[in-house]
C-alpha cells in the first residue's frame, strides 16, 4: 500500500492468501456486528432518552431471543473455528520433499544452513515456488521465527526442534522478525527473507559452500566415533541407522515412536531417554560435546541414509546401502511433535 | 430472634450472646457457618497451590519414569511410612480433641491438643533426619549434587540419568518442604488453640476455632497421604 | 421521584450539620491503618491502586515516547525492556486485578446484600497489608534495578539468562496474589452467608453475581501462579532444572502453569466491570436489566469456561496441532456468554428512559470498546489467524481494548456512579462528561492503529522498528497523550469535590439497590435496622411510580 503507512502486509506465500481470506471474512463479520451494536446503542439512546411523563417499560427478558442470539453466534463461531483450523493444519503440515533449511537461533541472531550446505546469518535465500521446511532450534532462550509476508510464525525452542514451512510466491525481500521476547537485542534480531527466481537462486547457491549438510554430518559421525557402534554393513552394538529416519522404532518399554528429527536429536543428547529395544544401554551422551549446528548436520546425515539421494542434494560420499529397507515411501516430511 | 438481631445490628449493648460473637454477625450460627465455609474455601486454594507441584511432578514422572524410580528407592520409605503413621495418629488426636470440647472435657481436650503437637514435632523431626541423609548423600540439587551409577529398579544394567534424578529431588524437596512449612504453621495454630483451651474459651456451644483448626490439620495430613506413595513408593515392588 | 436529578441534601440558606458517618467517626492515621470497616479499607485500596496506576501509566508514557521514532533513541534497549515489563506487572497485578473488587467490591458488596460488613473484616485488612507489602517489594525491585523478563516471565530467559531482579519481582507478585485470594474468599463467604432476610440469589444485584464469579476465579486460579512463581524463584536461585532444557526440564511446562492462571486472570479483570455495567445501565435506563437470569448465569459460565482455554496463548509455542484444536474450540465457547451480555445490555436500552450522565457515558463507551475488543478475540482464537498475529501489536490492541476500554471504563463509570455514596459529595457533571469523551477518543486513537500495526507485522516488545511503521506509531502516541489527559481529569475533580463539591443526597440517582438506602456517606455499620427484602432487584417501576407509597410487589 502506501510506503510509510502500510495498511496491509505484502502477500508472498501460498499461506498468505488463505490467512488473508479468513481475516477478511472476520473483518466483515466483526464489522457487521460492530455496526449492529453501535447502531442499536445510538438509536436506542436517542429514541428512548428521558422524556417527561414517559416511563420506562419493564421488560423481564425473552428466553427465545436469548437462545437465538446465543445459538447464531455460536454457529458463526464454529464456522470461523473450522476455517481457522484448516488453515492452521495446512500451515503446520510441511509437504513431503520440502527443501530443508536448519535454523539455529541465538541471542541475538539467526543462523541458517541449507541442506545443500550454504550458511547464512540473518538472511534466508529461497527460490520462488519451492516448498521450504525450516527445522529450528535455539541455543539459549525461546525465540520465534516470523515472516509477516508469509503469514508464518513458529516459536523456536531450546532443547528441541520445531518446524515451519512455506512456499514463496513472489520474488522480493521480506522482513524476518524475532517475535518472542528474548532479551536486550530482541528488536535487533531481525533479517530478511530473499525470494529469488529459480535461476537467480541457483546462481546464488553455486556461490560457494562447504558441501551438503549431510556430508558435514557424515564427517562428524566418523570423527565422534559413532560409526564404531552404528555400522552400516552389519548390526553393530548400536542400531543400524540405514533407512531408520521417519520409520517407527520399538522402544524397550514397549512403546513405539517415529524416528523424526526430535527423536534423532534426543538419541544424540540423551540416549537413555527412549532406548531402542534389544540394545544394551551403552551409548554415551554427547550433550555439551556437540554444538547445535553439529547436531543439525548429524540429523541431516541420518536423514540422508533414508534414501539414496535427497532432493536437490548431490551426496558424494554416501555408499549404496547394503540392506535396503522394504518400505521406500516413508515421508521425510514427518510431523515433529512434542 | 429479632431482638438479638436488632441488637447485633445496632452494636450498642451486649445482649445475651456469647462474647465470642463478632458484631457484624447476626447470630452465632451465621458466624460458625461463615468460619467453616471460609476454611473450606481456603483449603480449596491450598489444593490448587499444591496442585501445580503435583502437576509438574506427574508430568516428569511420566517422562522419566525409570530415573524417578531410581531416585525414589534412594529415599527412606521406612521413615516416610513412620511419618505417615504419625500423621494419621495426629489426625485422630485432633478429632478426639474436638469431641472433648463438645463434651466439656477440658482435661482431655488439653491432652489431645498437646499430643497433636507432639506428633507434629515428631513428624518434623523425622523429616529433618531424612533431609540430613539426603544432604550427606549429595542428593540435594545444586552444585554438589551427584547421582552416578544408580541402577533403575527392574533394569539391572541401566543407570539413571542424573539430570532427571535431580528434577526428582528438586520436586521432592520443594513438595515436602512446602508441606513441612504448612506443618510448622499448623503447630503454631495448635499452640494458639492450646492457649485458648487453657483459658477455658471453648464450650460445647462454641469451639469453632478448634473445628477450623482441625480442618486445616486434616488437610495437611491428606497432602502427605498423597505425597508419600507418589514420592517414596515408585516401583517398590521390584 | 420520577427523575434522577442530583439534589442537594440541605435547604438553601441553612447550614447542613454533618451527620456522623464512616469517614468522620474516627480521625487519625491509626484509625485508618487499623480499621476493620470495609468502607475504609476500600478507600485505603483506592489510594494504593491509584498510586500504582500512575506508576504503570508513567511507564506507558515512556514506552509511547520511545516508539515515536523507529530508532531506539530515547532509552537504552535494556531500559525499554524493563519499562514494558514493569508496565505490565504493575498494571496487571497492582492495578487491574485489585481495582474493582478491592475498591468498589469491598465498599459495596456488604451494603448491596444488607450486611454490616464482610464476613471476615480482619482478613480484609490483612489483604490490604499484603497488597502493600507486595507493592513495596515491587517498588524496591524497580528502584534497585528493575526486571526485564516481560510480565509473562517466560523461561529459560527469566530463570537462566536475565540479569535483573527476577526473584524479587516474582516474590512481590506472590505476596500480592494472596491479597487477591483473601479478597475472593471473603466475598464468597459473605455472599453465601450474610445476605439479609429475603435477599435470595435471584434478587441479588448483578454486581454481586459478577463479583461472586470473579471470586471463584481468584481463589482457584491465583494459587497456581503463586506456586509457579515459587518454582521460577527456586530454579533461578538454586539452579534447578525444572524448566531448563539443558537440565532435562521443559520450558513449555512453565507456559502451561503460567497461563492456567493468567488467562482466568483476565476474567478477574473484566467480570467486575461487567457487573458495574449492569448497575449503571439499569439505573440510567430506569429499568431492570433485560434477561437478568441469563446475565447472571453468563458471569458464572465465563468463570468456569475461562479455566479451560489457557493454551490459546500457546498456539505457536510448540504444542501439538490437536491440543491447539481443542483450545481453539473452547475459546469460542467462552466468547458466547460475553456476547450474550452485550446483547442483553443493548436490549435493556430498548424502551428505557435514558439519561446521559457521566456514568452512562462510560457505559456507552464500554459497550463500544468491549464489543471491538471481544470481536478481535475471535480473530485470535482462530488458529489460522493467530499464527500470523500472535506476539504482534494486534494482541496488544486486543487486550488493551478489553482491559482499558472495558475494565477501566467500567471502573471509572462505577467510581462516578457511587462517588456520592462513597464521599458524600457530588462530582462536577460537566467536567465528568468531558472527561468521558476525551477518554473515549484518546483511547481509540491510541489503540486502533495498533490493530493495523499488528497485522502488517510489527512484533511486540520492540523498541526499534522498520521505518514504514512510524506513522501508525505516531498516531498511537498522540492518542496516548489525549488518553492521559482524560485520566488526569477525574483525579483532579474527584479530589476537588471532596472539599468543594455539593453535598450529595442519600440517593442522588434514585437508584435501586440496598446501598442507596443508606446515608451518603454511610455510617460505619451501614444500616440502622436490619433490612428485610421483599422486592426484586432493579425495581425501577416502583421507584419511578409517582406519588405512590413503596408497596412491595411480589413477582
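Going by the order they are written in, the chains are A, B and C; count residues from 1 in each one.
Basically, contacts are C-beta pairs under 8 Å (C-beta built on N, C-alpha and C of every residue); 3 or more make two chains touch, one makes a residue touch a chain.
Note that the structure is a prediction, hence the values are computed from the model and not measured.
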Chain separated most widely from chain A, comparing mean CA positions: B
Pair sharing more residue contacts (C-beta pairs) when A-B is set against A-C: A-C
Interchain centroid distance [CA atoms averaged], chain A/chain C, Å: 38
Gap in Å, rounded to a whole number, between the CA centres of chain B and chain A: 46
Multi-partner residues of chain B (each touching 2 or more other chains): 64, 161
Residue numbers of chain A (touch at least two other chains): 270
Residues of chain C touching at least two other chains: 248, 250
Contacting residues of chain A [partner chain C, same complex]: 3-9, 18-19, 22-23, 26, 29-30, 33-34, 37-38, 40-41, 44-45, 48-51, 54-62, 65-66, 69-70, 73-74, 77-78, 80-81, 83-89, 91-93, 107, 140-142, 144, 146, 148-149, 151-155, 157-160, 162, 175, 177-188, 190, 270, 287, 335, 337-338
Complex contacts: residues of chain C adjacent to chain A: 2-3, 72, 77-78, 81, 148-150, 154, 156-157, 161-162, 245-246, 248, 250-252, 285-288, 290-294, 315-321, 324-325, 328-329, 332-333, 335-336, 339-340, 342-344, 346-347, 349-356, 364, 367-368, 371-372, 375-376, 378-379, 381-388, 390-392, 452, 455-457, 459-472, 540-541, 544
In the complex, chain A residues that touch chain B: 253, 270, 272-273, 275, 280-281
Touch list for chain B against partner chain A, complex: 63-67, 155, 157-159, 161
Complex contacts: residues of chain C adjacent to chain B: 115-121, 123, 181, 185-186, 188-190, 192-194, 219-224, 226-228, 230-231, 234, 238-242, 247-250, 253, 257, 260, 525, 527-530
